[in-house]
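Naming follows writing order (A, B, C, D, E and F), and every chain is counted from residue 1.
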Amino acid sequence: MPYVNIKITREGATAEQKAELIQGVTDLLKNVLNKNPATTVVTIDEVSTDNWGIGGESVTVRRARGD
Amino acid sequence: MPYVNIKITREGATAEQKAELIQGVTDLLKNVLNKNPATTVVTIDEVSTDNWGIGGESVTVRRARGD
Amino acid sequence: MPYVNIKITREGATAEQKAELIQGVTDLLKNVLNKNPATTVVTIDEVSTDNWGIGGESVTVRRARGD
Amino acid sequence: MPYVNIKITREGATAEQKAELIQGVTDLLKNVLNKNPATTVVTIDEVSTDNWGIGGESVTVRRARGD
Amino acid sequence: MPYVNIKITREGATAEQKAELIQGVTDLLKNVLNKNPATTVVTIDEVSTDNWGIGGESVTVRRARGD
Amino acid sequence: MPYVNIKITREGATAEQKAELIQGVTDLLKNVLNKNPATTVVTIDEVSTDNWGIGGESVTVRRARGD
């Protein structure tokens, strides 16, 4: 019954990669805490790089500078 | 002054249905906890079925299988 | 399969009232969007009044002033 | 290492304004709690006015009425 | 730079198990999306069973019934 | 009407500092986006250092090592 929310920048994650994240997190919760996969909910938010900041700057600005 | 976040898969909820959810949750908090509707904030996130997992699979995969 | 998060100030909501919120939100999603109650997850966060702000002030300060 | 999530209605915030919010919140956490900007993460969610409710109504309805 | 929030019921997860979840999620994001562990933030919320609902009931009620 | 959630580690932030964060964020949203302070909601989550991870480790472990 866990709920996991994964926030990443919107930079091209494929459906296959997102499926891998869902499977991986569900397995992790099963293995570590014996949580039931059938009621483990995972959501992935993909956030525009204008809308994600670190170090006081947007990721858009950091990417333009090569970070 | 409550804040309620509703996450659902993006599968065609209409503006009217979302308005019904907003009204229903606000009424519920008024009736149960006497919270002031004027400062009750509700947000609805509609999440792509690729980005929603349950049972270790994405909803896209489950829908394709008829679940 | 919806996920609903309800944030309220920690001001004495009883277990019965919280059960009413859980039941009410689950019924609402069933009635409006035909969502399956068995996989509708609801969590309630009760937040200290020092940690909740509105109008630029904490709720603790506002309560002390009779708001 | 703080994580800050800002939710606003999607009503035309520019990249520059969002950068200002990111910088402003990061500075605030540095000044008040001496948090390290390099690991301060800020995300901004812009929510459709159909999906944001206050007072039991969606913002779309309130805007149409001039609120 | 991902941000992951894991919500579980407060039912005795140990510091070691929580460390395993943190390590596991960070590794998963590194392996699947090549995300930098140094800026991958993970938070775990442990929620009272009175405050977690599924199927319209609180987990406290379900546990009392042996679910 | 914005909603801002600030997550920090539970490491002794005082009521005054949290009030400063609430005031600062509310002012920032007023100045940058002309948002109405009266309906700007801010919540602060203080998270145990066992429950906060960065770089694949809990903050408890990192603090013990002097990070």
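Definition applied: contacts are C-beta pairs under 8 Å (C-beta built on N, C-alpha and C of every residue); 3 or more make two chains touch, one makes a residue touch a chain.
Small disclaimer: the values here were computed from a predicted structure and weren't measured.
Compared with subunit F, the chain whose C-alpha mean position is the greatest distance off is B. The chain with its Cα centre farthest from the Cα centre of subunit A is C. Rounded to whole angstrom, the centroid-to-centroid distance between subunit D and subunit E, based on C-alpha atoms, equals 25 Å. If you average the Cα atoms of subunit E and of subunit F, the two centres end up 20 Å apart. Touching two or more other chains at once are residues 1, 3, 7, 21, 25, 39, 41, 43, 45, 52, 54 of subunit B.
In terms of which chains touch, the assembly is arranged in some other way, matching none of the line, ring, star or all-to-all patterns.
Against subunit A, the residues of subunit E that register as touching in their complex are 1-9, 13, 17, 20-21, 24-25, 28-29, 32-33, 35, 39, 52, 54, 59. The part of subunit D that touches subunit A in the complex is made up of residues 15, 18-19, 21-23, 25-27, 37-46. Those residues of subunit A that touch subunit C in the complex are listed here as 1, 3, 39, 41, 43.
By the touch rule above, subunit C contacts subunit F in their complex via residues 7, 45, 47, 50-58, 60-61.
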